[in-house]
Amino acid sequence: MSTTVQRRRPRAALSTWLRGGGLSTLVFLLPMLVIFGVFSWYPIVQAGIMSFQKTNLVTAPEFVGWDNFARVLGDPNFLIAVQNTGYFALLALLFGYPLPLVAAVLMSEVRRGKGLFSALAYLPVVVPPVVAVLLWKFFYDGRPAGVFNTIIGWVGIPPQPWIQNAMQAMPSLVLEATWAAAGGTVIIYLAALTSVPPELYDAAEVDGASVWQKVWFVTLPQLRGVLLITLILQVIGTSQVFLEPFLFTGGGPANSTVTVLLLIYRYAFQNSLGGNYGAATALSVMLALFLALLSLVYFQLTKRWSS
Amino acid sequence: MSRRSRPREEDDRSIVSTSDWRRPRIRRTFGALHAALLVLLVVFGLGPILWLAKSAVTTTQDTLRDPMALFPSGIDWGNLAAAWNEVHIDVQFLNTIWVALGAWAVQLLVATTAGYALSILKPRYAGILNGLVLATLFVPVVVLLVPLYLVIIDPPFIHTSLINTFWAVWLPAGANAFNILLVKRFFDNLPREVFEAARTDGAGSFRLFWSVVLPMSRPILGVISVFAIIAAYKDYLWPLLVLRDPAVQPLSVRLPTLQRAIELDVYLAALAISTIIPIIFFLAFQRVFLRSAGLGGAVKG
Amino acid sequence: MKSRTTALAAGFTALGVLAALGACSAPAADDGITTISVVSLIPGSDDAAFDAFNEQVAQFEDANPDIKIEPQEYEWTGPTFAAQLAGGTLPDVYTIPFTDTKTLIENGQLADITAEVEKLDYADRFNPNVLAQAQGSDGQIHGLPTAAYGNGLQYNRAIFEAAGLDPDSPPTTWEEVRDAAKTISDTTGLTGYATMAASNTGGWQLAVATYARGGRLEVPDGDSVRVTADNDGTKDALEFLKALRWEDNSMGADFLLDWGTINQAFGAGQIGMYTSGSDIFTNLVQSQAMDPADYGLASLPLEGSDAGVLAGGTVASVNIKATEAEKAAAVRWIDFYYMQKLIDQDAAVLDAKTLAESDQPVGVPALPIFDEATLEESRQWISEYINVPQEQVSFFLDNIFDQPTIAEPVAHTQDLYAALDIVIQAVLTDPDADVDALLEQVNVDIQALIDADQ
């Protein structure tokens, strides 16, 4: 808005800049510059640097080249963590991606009391995640008198170990994670459903489409953009799961729920004698690069589909 | 945008048309499906929360022996008092509020000033800054964890550790690119004529911001506030790392360690107390919550 | 407009500066008074425990008017010791378990207090093995051992009675432990025997079980150390757990317990027996609200030659960033709060009295820091205040001085314990766990870490 002033007198740039409101603009940008600079941009750059260093916080850091990356890649827990994280993301997608869509489509047709449905669906999202995990941890008590074991006992299923068993632990975590997050996805889908132009439905009906056909041929294609974005966002989000493994099982039993984030935490903070910050940042950088690559490939692939 | 400002009532049709609804088969099928969905939502969505409410006032032995029964030994209101007074979760409760308020204020400050500068004042270098801010969206939070921790231990210029102070949570919370994105988009969509008029009236940047832009921003500020407050009380890992003293810990950090120190019934009461405020807020401000949640998805799309 | 803009800009900047200043804590500039921060108690300890501690702080400050004490709740678990150290939030005096002192000394993270310690008149009375835990390889002293303990078999007397077992004749062999566990779980449905399995405490207790069967996890190998996790003692211990878990089903349903959660379950009356340090009575009573009358402590069954009790302890250390004045003040506090009650009758009586008056445990079973005679003597002094039921722990005390004590494995102890955690969790949650393969893997992984240090 004020740039025309500067173009006329380039020599007197500073005073023109000041008079053109340049200082006040800077003042307005100051909070963002300071906050982002100190707490976002600088740490990001630092992360890159630290991944090539060895530091124990008391002595000066020293450069160790690719050592940290080698250490991480050579750690048997690394492969386990990657597998577990992939498993979690996959299960979470299976449970948490289609179900909210079905629910949202159904809910969008509710004629009275839609608010009640929305509120009920969103309620678990409102519960603080820590409370949700601690509550479900109690539900998963492996004793016969545990909450879930009591309930499945009503239909004759024997008590299950839930999080005490390497095979059941991860699905148990995913179940709680889905409970806590699905409501948000439902609301997003609901909002997107309202933006489908009604004329399309009218047109489809003229062609004699049934309800199911309308959903398949009108609704879903219209929702493509949201669906694609939600998919990649879910994958990115679940790849960074930390709270559930940390509070439910600490990574157990026998490392069956160690995820990449948990491994990073362990490298940096688990050893009370001083963490391996180099390995932690190296693994974070690797994860970040992987997710960036994934997103890039994903958007390339879906460019054709989403507009 | 304008479509969303209209309330979504019966005049907007969706998948099922009015003629569809007249057919009994459609009515019955959807009726059954909706009923089933409602039951599932109540059982799975509401069920665990109701159980928590019930168990918060049940004795430990009852909960351990017969968790699904209703008060075999009677209601134990003392749990709630014990959680509040003896275990002192009132301290952590207040901390949660402080953390949320501070984070909210910082985020609002950063997002509004930055959005205003980037969208309305638009200096020549706005593009670069925009790019830098957006770029941080693509960096997963985990990357920041360790270096940010080290920055908090030894901040530039100040060189006093911010550990165990609320600043350690407030300040990094402001580095939220999503907020800036939202605000900037909102400001981009504001009618420019209003600003032109104000400028010709002699308003400078500050007056424009304070008296013209901010009052028009209420909707987006509401959305940001909801996001900010929700994010603040959900936050676990970061406060765990930087707020090590129980006296400044928010509830989310305190509750897991509390489990080892107190009896089950008091513990469940503490969990229940931690849930009640967010739920009350939600029920009171449902529309804002749900609109923000939906908006979040729309913006991402 | 320009002046207004500038004024506002100046205003913002001033605010920023003020905020930055506000974030700095103003250093206390007291003349002649040295302020040091010291660890108090584990977070979650009850109010009475804090009262007793504050009472002792007051006593110290009265006797030393030039020192001011700032207590800080503290628990040695999990992350950020180094970060706390670097960030300056570590108190000036804090306690570390024996497990970690060597590593910290090697890393140069504990202050050298040899000069101040040698001024103490009991400096030469320390049990050399115990003092060694706080010494560097050059003999310099980096901390004062304040407590030493052995490991024993914890059992719940009330559960024993409910199961028809005699609480006054606890099991003395591992077979008897197994039988008792089975009886308990069969008759009462509670967990007969439990073990830690997480947060490195599982590995620690597996080390205890290994030593009790004559095995060793690490052996010296020239200048270095060789990991021998697949020794017979460890294998026997794991077979024992396997039998109790999968054949007798006497181990309950939670296999991810750590030091805190197993204490909690025990204090809540859900576990019949488990092994842990002989000093946990304090935690059970202060944090877990256990009824002292239910507590029983027996000695570990030792089987096999070379069997012994894994000994541990605590060292009080001084923050490496402390100034000379602060170091001197810190050692005086350590002397007052931790050491005096071990060697001086008046101090011992005062300490016992203060604790007893706030219903804190007095007379928790311990191992001698100096020698057995001194320990006996100090017990005599405070005998009237001892409120830990001595008959209930006599089964431990009567035997402990005859049982050889063995130090923990020295190399990469925490990493070793973490690896062993996985093995225990696998054995307890997977009936087909291959014990040999798992232990072999531990050997490989930890040996790699040790070799990398060379």
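Chains here go by letter, A, B and C, matching the order in which they are written, and residues are numbered from 1 within each.
Everything that follows uses one rule, which is that a contact is a pair of C-beta atoms (placed from the backbone, for glycine too) under 8 Å apart; a residue touches a chain by one contact, two chains touch by 3 or more.
Everything quoted here is computed from the prediction, not taken from an experiment.
Shared contacts of chain B and chain C, meaning chains that touch the two of them, come down to A.
Across the two candidate interfaces, A-C and A-B, the one carrying more C-beta contacts is A-B. For the pair chain A and chain C, the distance between mean C-alpha positions equals 38 Å.
For this pair, chain A with chain B, the centres built from the Cα atoms lie 15 Å apart. Each of residues 5, 8, 79-80, 83, 86 in chain C touches at least two other chains. Within chain A, the positions touching two or more other chains are listed as 21, 24, 30, 57, 146, 265, 268-269. Residues of chain B found to touch two or more other chains are 149-150, 153, 155, 204-206, 241, 259.
Chain A meets chain C in the complex at residues 18-19, 21, 23-24, 26-27, 30, 34, 56-59, 76, 141-143, 146, 159, 161, 163-166, 249-250, 252-255, 265, 268-275.
Those residues of chain B lying in contact with chain A across their complex are 3-4, 8, 10, 12-17, 19-21, 26, 30, 33-34, 37-38, 41-42, 44-46, 48-49, 51-52, 64-68, 106, 109-110, 113-114, 116-118, 120-124, 129, 132-133, 136, 138-151, 153, 155-156, 171-172, 174-175, 177, 180, 199, 204-206, 209, 230, 233-234, 236-237, 241, 251-253, 255-256, 259, 268, 271, 274-275, 278-279, 281-283, 286, 289-290, 293-298, 300-301. Residues 60, 86, 149-150, 152-155, 157-158, 160-165, 167, 204-206, 241, 244-246, 257-264 of chain B touch chain C in their complex. The residues of chain C lying in touch with chain A in their complex are 2, 5-6, 8-9, 12, 16, 76-83, 85-86, 100, 103-104, 107-109, 197-199, 252-256, 258, 320, 414-415, 418, 421-423, 425-426, 428-430, 433, 441, 445. Considering their complex, residues 1, 3, 21-22, 24-25, 28-32, 35-36, 38-44, 46-47, 50, 57, 103, 105-111, 115-132, 134-136, 138-139, 145-147, 150-151, 179, 183-184, 187-196, 198, 201-202, 205, 211, 214-215, 218-219, 225-226, 229-230, 233, 236, 239-240, 242-243, 246-247, 261, 264-265, 268-269, 277, 280-281, 284-285, 287-288, 291-292, 295 of chain A touch chain B.
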